[in-house]
Every structure is written in C-alpha cells, then in structure tokens.
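By letter and in written order, the chains are A, B, C, D, E and F; residue numbering begins at 1 in each of them.
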Amino acid sequence: MILDFWLERTMDNSMRTEDLNWMDVENYLKAEDRLILVLGACEQHGYLSLLADVKIPLALADAASKQTGVLVAPPVNFGVSPYFMTYPGTLSLRASTLLDLVEDLVRSVYGQGFRRLLVLNGHGGNDAARARLVELGNQLPELRLSWYAWWQSNSVEDFAARRKLERGHASWMEAFPFTRVADLPEGHKTVPVFSGLLNAAQTRQVYGDGVFGGDYQVDDPVMQELFDVCLADVLYLLRFN
Amino acid sequence: MILDFWLERTMDNSMRTEDLNWMDVENYLKAEDRLILVLGACEQHGYLSLLADVKIPLALADAASKQTGVLVAPPVNFGVSPYFMTYPGTLSLRASTLLDLVEDLVRSVYGQGFRRLLVLNGHGGNDAARARLVELGNQLPELRLSWYAWWQSNSVEDFAARRKLERGHASWMEAFPFTRVADLPEGHKTVPVFSGLLNAAQTRQVYGDGVFGGDYQVDDPVMQELFDVCLADVLYLLRFN
Amino acid sequence: MILDFWLERTMDNSMRTEDLNWMDVENYLKAEDRLILVLGACEQHGYLSLLADVKIPLALADAASKQTGVLVAPPVNFGVSPYFMTYPGTLSLRASTLLDLVEDLVRSVYGQGFRRLLVLNGHGGNDAARARLVELGNQLPELRLSWYAWWQSNSVEDFAARRKLERGHASWMEAFPFTRVADLPEGHKTVPVFSGLLNAAQTRQVYGDGVFGGDYQVDDPVMQELFDVCLADVLYLLRFN
Amino acid sequence: MILDFWLERTMDNSMRTEDLNWMDVENYLKAEDRLILVLGACEQHGYLSLLADVKIPLALADAASKQTGVLVAPPVNFGVSPYFMTYPGTLSLRASTLLDLVEDLVRSVYGQGFRRLLVLNGHGGNDAARARLVELGNQLPELRLSWYAWWQSNSVEDFAARRKLERGHASWMEAFPFTRVADLPEGHKTVPVFSGLLNAAQTRQVYGDGVFGGDYQVDDPVMQELFDVCLADVLYLLRFN
Amino acid sequence: MILDFWLERTMDNSMRTEDLNWMDVENYLKAEDRLILVLGACEQHGYLSLLADVKIPLALADAASKQTGVLVAPPVNFGVSPYFMTYPGTLSLRASTLLDLVEDLVRSVYGQGFRRLLVLNGHGGNDAARARLVELGNQLPELRLSWYAWWQSNSVEDFAARRKLERGHASWMEAFPFTRVADLPEGHKTVPVFSGLLNAAQTRQVYGDGVFGGDYQVDDPVMQELFDVCLADVLYLLRFN
Amino acid sequence: MILDFWLERTMDNSMRTEDLNWMDVENYLKAEDRLILVLGACEQHGYLSLLADVKIPLALADAASKQTGVLVAPPVNFGVSPYFMTYPGTLSLRASTLLDLVEDLVRSVYGQGFRRLLVLNGHGGNDAARARLVELGNQLPELRLSWYAWWQSNSVEDFAARRKLERGHASWMEAFPFTRVADLPEGHKTVPVFSGLLNAAQTRQVYGDGVFGGDYQVDDPVMQELFDVCLADVLYLLRFN
C-alpha cells in the first residue's frame, strides 16, 4: 500500500530528460516553456541514503511532472557540503563551482526557449545559488525563476509544528521510504547545542551519526502526508502566477 | 537620553583598526587572537540609510569591543544585493566576488596569528559567504569561526514574537536612530504576497518603497532593548565556547 | 533474452552511492580505495536519449561494480557540449565549470581516503577534464587516476573495424537498448563533409538529425558484444596495474 | 585652528551614501551623473593609522563633495598589499579580487545612470584596477572614468620637490592630523637600498618600522597646503573636461 | 638543398605581426579578414627543442602566409603540459589559463574586424581550447573558426601508415631540421605500455627520455614531404569553404 | 657598423629555450638557478613593430644571457593593452589572464628548481602582474624575484633628462633598429593633454598615430647607448644581491 502511494505519484508519464530525445524537447517547446531543475547533494544523511537530497526533490519533480507534463531536467547530483567532508561518501562542490554550474544550465535552456524555471532545491548548502539566479534574472529578458526548498517552506514548518516534530537534517523529515537504505534507530535524538560555524571535523564531533536531531522516523502515512504537502507547493509554484 | 544610550554603548575605547597602527596590532596579538569582521551591504533600505547593513553590525561590534577589547576590522561596505539593483545607490557584489573577498580577509589575519573570528553579518544576501568560511575552516588548522546574523537570531525572533512585530527588511527592525536619514512613515505596511525568485525589476514592482512589510517604526526604547538583545548574543559568541 | 543480458550485467549488487549511507562508505574504505566516477552529458543524440552519454558509462560502471564490488559515485549528468546548444534539451557546461566540478569531486573523495579513481567518460567534449586531473595527480600524493572513453578505445576501434562499421556520435554505436527512446531509422547515414570548428548553428545545419553518420542501428547481439568488449576494458583498468 | 581647517573642508554637507536613502540617490540622478569612488587599503603605515589609505582619499572626497555636491560612494576599505602581510593588521586582497570588486561597483552604478566616475585611489597596490576599469570603459557606452592617485600626481611631485621633501610610503606625506594615531619619530629616515621584488618577509626586513623613508613629519600648515594642492586636482578632475 | 627547401617555403614575405605596425594591419583589414593563430607549448620533446610545438605550426603558418598573404599572429609559446612538469624546461599553463588566453586573443582580433581564424595547434594538451572556441563561435556573429592539429590529421595518419611509421610525441615525426637541437639516437624506441592517466612523476618513469616511441628520425626528404602534406591541409583550410 | 653593435650584443651563445632540449636544462640546473622571463605585448607602437614590447626586453635578455649564460624563457607575446584595442593588430589579455599566466610560468619553473627569476617587462600595462608575483613570493620558499621595466628605470630617466628627451610610448625611446618596420616621421610630437582614464576609442582620438609624444627618432648611437644603459641594469639585477 505504501508502495502504491509512491508509484501512483511518481511512476510513469513523468517527463524526464532521460526518456526523451532532442526532437521531443523541440516539440515540447512549441507549447510549453517551463522546466523543473533539481539541485541536490551527495552528502551524509545519517542512516539515510547519501543521495537523499537528490531523491526527495526529484520525487517531487516527478510527481509534479506527472500531473502537469512539465519537463524535469537531469538532477545536479552534488551540492555545497563542506561541513560534511569528514563523513565518507560526501562529494562537495565549492560554492563557486555550483554557481557556475547553475548558470550554465540556466543559460543553456534559456537559449532554447525555456522561460519559466522552477528550481527544486534539496540541500541547504545550495542557497548560495539563489544570488547567481537573481543575477541571471537581471540579464535574461523574460526569464522567470522560482525556488523551492521544501524543508524550509511555510507548509512544512506548519506541518511539523502541528505534529510537534522538530525539523532537522537526516531526521524523520527526510526518512521517506525511498531514502532509507538501512534500519533507522528508534526514538529521538536531542539537538546538540553549539555555537559557531563548524568545520568538517567539528561537525562530526558535534553530530556523530550525522542526524541533526529530532525523531529518527515517523509512520509512513505521516511521510505520505508530508510529501503531498510539498507536492501541493510545487504544483502551485509551477503555475508561475 | 537616547543619545546617551548609544554613546555609552559604542563610543570611546572600542578597538577599531582605523585608530591603530601595525605595532598596536602586533601588541594586541601577544595576548589575544580574536577579531570581529563586519560584513555589510550598500543597498536600498526604504527610508533608511543605504548603509544600514553596515551600521547595525558595526554598532554591535563597537559595543562589544568596548566591553571586551576585541579588535574590529574595517567593515566590508558592500554585499550581494542583485535583487535591489533597480534602487539607485545599491552597489552589489557578485556572490563570487564576496566569497573571494572574505577569503582574502580571513587568510590575511590568519597569517598574522588571529585564530578566533566572529563574523557579524548585516545582510541576508551575504549568506553565501558561510560556505567559503567553512571551506577555509577545513584548510586552516586551529581557526575557529563564528557567524552572527542578528535579525535571524533566535533572540530577535523571540523579541519580535513577544511584541507581535513582524520582522522585515527596512522595517522598524532596522530603524535605529543611527540608520535613520529621513522621516519614516507612520503605521504598518502589509507584507506583499508573491512567489518566485524576483529579479531587480520585479522586486521594485513588488516592494515599491523597498520596505518588506511590518511597522515602519517603533519607539526608541524598544530599539534600545533590541540592540541589547543582540549585543548579548555577540558577547556570548565572543567567548567562543 | 535481451533483457536478461542487461539485467544480468547491471542489476543488483552494484555499489551505487544512492543505496548507501556514509557508514557504509566508511566501512568500504577499510578494505578498498577504488572509486568509479562517471562523466556524462545531457545533449542531443539524434533519435536516442538525451542522457545517452550518462547511461552508457553508468551501465558499464554498474556492470563492473557488480563483478568487483567497486563503488560508483553519482554520475555527473552534464558535460561540455557548446556545439549542440541549438538542439533543445542540450544542457552544456563551460569547460571551466566542468574542470572545477571534477576537481571538487576528486578532492572530496581523496580527503576521505580514496586513492584509485577510474573516470568513465561518456562524452568527447569532456576531454578537457583530463588536464585538470593530471594537475591534481601532480598535487595529491598517492592518487592514481585512470580514464576510459569507451568509444575511443582500441578495443572498440577494432570491434568496429572488424564489422566494417563506422563509429559516430548518436549512430548504431550508442544505440543500446537502454538509450533508445524512439524508433530508429533504418539504413545508413553518410558522414557529412565539412571543415572548420562548427558553432552550434553550423552544427545543426551540417548534421540535421544530430547523427554524425554510419548505420543507425545494428542487431542487439552486436550491441551486447560491444558492451562486453568495453566492460572487459573497464575491468582491466580497475586492476590499476 | 588646525581642526578648523579640516572641519571647514570636510565636515557637513558632503554627500556620503551613508546619510542618504535610495530615494535621495534617485533624486540626485535626475540632475547629476557623477560619483566619487574611494579605493583604499588596510595596511601598515608605520606609526600612522592602518587605514591611512582610506582616510586620505576619503577626506579629499568629502572636501570635494562639499564644494560640488558630488556623491561619495562608501570606501573600499581593503586593497592589494601582499608585500605587507607580515605587518599585523594588514588585510590584503588578491589583485584578482580587487578587480572583480571594482567591476561590480562600476556595473552597479552604471546600471542606475551614473556616467562619470572619479576613482580616488589611496594605495599604489591598487593600480592593477586601472586595467579592469579600461576594459569596462570599452564595454559600457558613455561611461567616463577618471583616476587620481594623489601621491603620484604632478602637483604633489612639484610640491615635494619645491620643499626638498622625499615622497615615501608612511612618511610625512601621509602624516595628516587625521591619520596620526601615535606619536611620530622626529627626524629623517634614510631610504633603504635594495633591488628585487620583495615578498612580505623581505619587506619587513628591509623596512623595519614600515616607513619607506624621508622625514617622519612636517608642520601642520605644510600638510594643509598639501591637502589643498590635492583637492584642487580633484576638483579639476570632477569637471570631466 | 635541405636548407633551400625550408627557405623557399618559410622565408621572406610571410606576414608576421612583428614586421608590421598597426597601420599595416588596418590596411590589411580593408581587403582581408583572415588570421592564423599559432598555439604551441614549451615542453620536453626528448632530444628536440623545447619549443618544437611552437616551431612546427609556426613554420606551417609562415609557409602558408607566404603563399596566401594571410597574417600570422604572434605565437602562444606555452600550452597545457602538466604531465611533463618533471622534465626541466617545461612551462605549463593550467587549462583554465589557456582557455582565457585564447578567448582574449579571439575577442581582440574579432573587435578589429577579423572574421576567419585558423588556429594552428602544435600541442595535444591544448585541445581543451576547442571548447572555448566553440563557445565564442556561439557568441560572436559571423566568426568562422578552423582548427588544425597537424599530427592528428588524416593526411598525416595516411602518410605515416603508408611508410609504416608510428606517430608519437618527440619521435621522427617532430624531428624537422628546425626542431633539432642535438644529435638524435639511431633506431627505434618501443612504445611503452601502461594504463592510466599519468601524473608528471609517472610520465617520466614511463617515458624516460621523453620520446613516446617509434623511429627517432627519418631522412630529410621524408620530413620535407611530411611538411608539404601538412601545408596542403593548411592551405585548404585557409579557403574557409 | 650599427649591425655590428647588435650582433655583438645579442647574437650567438645566448641561452634561449628554443635552442635547448630538456636534458640541457636539467644540466643547466645543476649549476645555476636563475631564469629570465620576458613579458611583452602585441600592441600598437605607432610606426614601430606591433611587437616592440617583446623585442626590446628580449634583446636585453639575449644580450645579458650572452654575458652571463643565464637561461631566457620563451617570451610572453601578449600583455594587458585594453586602451589600444581600437588599433588593429593589438592583441590584449585581460589583466586576470596575464596574472594567471605569470603564475603558471613561475610555478612551473619553481617546481624544477629555478629559484631566482628576473622578469624583464616590456609593457606598462603588465604592471598588475607584480602583485601576483609578490603573492607567489609569499608562498614559495626561497624564491627570489626581480622586476625590470627598462623605460621606468632611474637609469633611463637620467639618460633622457641629460639629453632633454621626453620619454613616451612609441617615441624615439622605443625606436631601436630592430623595432623599426617603416620609415619614421621627422621631428617632434607634442604630448597631448587630457585627463581621465581613456578607453580604447578615446585613446585613439587623443593619440592618433599612437605615439605618446616626444621626438620620433634619434640617432643610432644614442639608441646604442640607451641599450647599454639598460643592459647594465639587467646585468646588475642578475646578480641578485
């Protein structure tokens, strides 16, 4: 039944670049100028998949694409994660690299006629890219940009507050069925207290298993509801009102 | 009396670079390895000074310096403000420039023996610099970094919540006696509703006078209290526990 | 039966980052220091998938991983394709961006203990990254690097020569079952004759459907054989003799 | 009386960005398109303030602004000073950072309608910025640029020659009342003899207290005269003939 | 007689920038918009001149210029040679530097009216510049670019095949009378076998004297014929059909 | 007889990279760690060769090499000349490109054991490179750097003053027999008066034929004397006292 939920939302008929050739995209552009761009990260997520920050926004993108037919670009699999470099499997870009990368992608699709881009960001460290996007927005006429960082949205803030759940990196909040790659601990992790801007060594010392705190997991129906809350936001943003 | 408040907190005896020569700093380093680095912006702040984002963290720095004797570096007078480029007087750096600038400053002082740096950031667009700072923290042994963005702090969030005041760019919250350069409107501005990542033209269309919403001003004692709330945070962070 | 071939080679038990958490990678590093890094492109491939240049090296990586247990990093989904910018769906990086990206990935994993990296490159335009890799090889002690561009290998040159097949972008050579997203034309395309370094507009004029020439497709068993020829090369290189 | 001289020239009614909001600048631009941009440095100046290279051109800017009403942008508080890195309190930018910074400032104000920019440079190491300015001058139609490095001017060369004073970093020449932060030595320092391009360690070895040679100080009226000589140059350049 | 061959082809009447002043080039541009740009390298070439990769394409440029009157720009004397850094006398550019350099040269001459540029590349490591050239080709209207790497040409491949000669760095193939600076060994060097992307230390270990293999030298008439084969290619490309 | 002068000073036995192979340089480094690096420009020089700024320092380098046996690296044929872009034949680098280029050259030779580098700069616009050189001097232990810009030297200032000759770009001062490519005008050009930082269009308007002013030419023996004055400086600097 859980599987049904995800299949229904993300499988089949999403418009992913990998299933198309250039002629398909040329046809697409005759009637449509929207694109979803997924920014992720490959970084420690405690017990969860190293690619959680790709998988979550990509699942949202697929689900939104299924309902709207909007094309989803291939995900950017790496983000800015210097604080997690001591956790093996973290592949971090310098902020400057990410900005250049995002610029190149935007300029590429703008040149082909895309005009409304929704960036689904899965990773907080990628926020720096917003500045470059606005710089591009100042240069490229008629370009419209939107940015969605699901875990920072008002909807999710409310969602968590209603359930008295703390939001935190690698906690329940990111523990979707499709990001789990191992058994999760039971119970709750106290949010570590610290001040300062931690480097990678300090981060590991403070956070240990990499979870920032809160419940390790919640029941699947809660996660399904969370997903639908975010999906509603994405669908709203895709209207580009 | 208002003047007294500010004079008492910020005047005299703060350790500003401009009042020192290199021999003074060499002496300072024999007993101390802390430094306050102020990141600001030169950008529209509605009716307030274009340099509000420099003046506020610099006032906090001066006040903290007066109590602790910690040296204050010359402020970075420009930040990342691409969304305000249509408001005359906004001088914006590309994100990449700010990152390089911050790196150069950190490497300079690290090379001379400074080891604990508190960055007092006055402008949200400068957040991108955090990534570069962590990258530096990974490279420079024994460097300890702290970052304080006063308006995003829990203390100020609580402060505003208690008084049922909305926090917003260029609103009451930044209307300190020392950032006012013109009469402020009475009353309250409704926060504009929009979605998307606004470019500079759209920003001006949405925000008009440049204030993001909330009360335009509050009474001076409230501002004094706000200042002291932030100052307490800064003093705490300067302990580098 | 065709499906069997691919399932047998690529499914199950390949070590992909997305299926692991950081603890898994930490364990992996206790006994192993190899990593496969896939460089791809999102660019026109005639009638084939826009992500053909990711899918092919990734399939090789999965197949090699299945046999050797070597970890596969998330693929770089974009490459340097300025000449294809006029074909919608092509997302091209500047060469400088790709170089920085590759450097960041290499430095990340090197810092965690990886020492032998096999780059499986799927796209000719990415060749520029070789220079940066050698620069890194000069800086990072004990790092060993290998690079495999399957379609340029001697093995594939021989393979094609034996069958009197011409090798060319988006032709039979890249038409694996898993890169096909539409029906392919029958027959043969004559290789266009031109001289000069084509820009994107000229490229489209010269190449039309985007195929560089040769047979559009060959029988599946030939493709299976081709895959196994390349896989043998990859397995050899993974020995890092 | 000395104070009178400086007050009269620099206080009140200079147009500094910090005293204005964006509406003021918008009004300003209706009748005026000139701007003064101050490039400084935070570096050792012997017994003088670490910010001497900001204070001197800024004082000239204020004085010129008072007479002409031309707007003064916030100063760039850092310059290119790699040779002084061994003197504590020196915060040096890489040349590349300064160039990017200057470009960002120029593009910002150009976009808002400023067309005549006078750069008052306080520091020799910033000369590299001239090249970037000319590059911008080639790209931005109708932009007019002027550059003034007071201590290199013919006027000051003559001034010093007439008085048989040697010009040198951190000597009498920069010892204005407003740059003094400590007692100055009496007498004269012999200019050290050396050849080669000194790095920071060699510079400190050669220059010791950081003064490049010549008289440590001269009488205040001489300094007042020097200031007026420079001010006359600035006022002339502001005419943009 | 050998000398005659080279004199006849390269001496006198080639159009080199060094023999012209700007007025000459202004006149040239009234009737012509072609330019030859030579990319070289300063790197080990076994027993041959460190500047072999400049000398060969420059000789071709001179010879072609003599026949066609096309202007030859000053050569770029350095290329991307990180793998040879352990061989003294190798001066290598980072790939990113070469790309910027090539961009600057192309933009300079484009701005003056040159529209057809033939790049004669002498060094394999410079291939990365092709990507930047295509990027420029996408930006600069009417610019036409051609690229010739003589040793990779079909003509030279055929030439070597016909004579059963192996092509290899620093072997007979580059041993023109004008690149010889020492006696060459007799005989043949076996091509070393290795896999992987060699760093500079490994390269020297594998290649020893720096020659990649094949005959060390062939008779002069063969070299003359080789030169004429390449020259024919260059002359063909200069027609920009 | 004039020819004799130049032949005697520059021909034969200078140590130029082009005449050596890597083994020669390896031998050289056993007894010597000095290198001469020539920075030039390809830019308008009035009636003189576009490569005057390469030819002059290279002639000095050759002459000094002949007397001392110090190796001369291949010249950098391009410099920073944005102000001359309107004069055809000017190939200008961005300042940032030159800095990166110079860094690459210095790091290359430093890695091979060179420790004392004399930069012979032929072009004023290249001054920006000094900052990068000092940055490198701060990073590379035991590196010693020297910089000589012949026309700015005290020796040449005195030389010109004694003869009551004005120094100026493209005037008599650069009119050596080996930089002349056309007849020179007789007489004297008045130095144009202007203020401001000229862009390329303004430069051509102000300077016309490109000569900055002064006598167009002087007698050969004066030029020979000038050359010897500079050569003496170079020889002195090569001692690296």
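Operating definition for what follows: a contact is a pair of C-beta atoms (placed from the backbone, for glycine too) under 8 Å apart; a residue touches a chain by one contact, two chains touch by 3 or more.
Because the structure is a prediction, the values reported are computed rather than measured.
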item	value
Steps needed, at minimum, to go from chain C to chain D via contacts	3
Required steps from chain E to chain F (each step between touching chains, minimum)	1
Chain grouping by contact, computed as though chain D were missing	one piece
Centroid comparison with chain B (C-alpha atoms), farthest chain	E
Of A-C and A-B, pair with higher C-beta contact tally	A-C
Copies chain F and chain D - interface residue numbers shared by over half, same or different	same
Distance between the centres, which are taken as Cα means, of chain F and chain A, whole angstrom	55
Distance between chain centroids, defined by C-alpha means - chain B, chain D (Å)	26
Averaged-CA centre spacing for the pair chain E and chain A, given as whole angstrom	47
Multi-partner residues of chain E (each touching 2 or more other chains)	85, 94, 96
Chain contact topology (line, ring, star, complete or other)	ring
Ring path (origin chain A; first step to chain C)	A, C, E, F, D, B
Chain E residues within the chain F interface of the complex	17-26, 28-29, 42, 44-51, 54-55, 73-78, 85-94, 96-97, 100-101, 104-105, 108-109, 111-113, 181-182, 210
Residue ranges of chain D in contact with chain F within the complex	80, 82-83, 85, 94-96, 99, 119, 125, 127-128, 130-135, 137-138, 143-147, 195-202, 236-237, 240-241
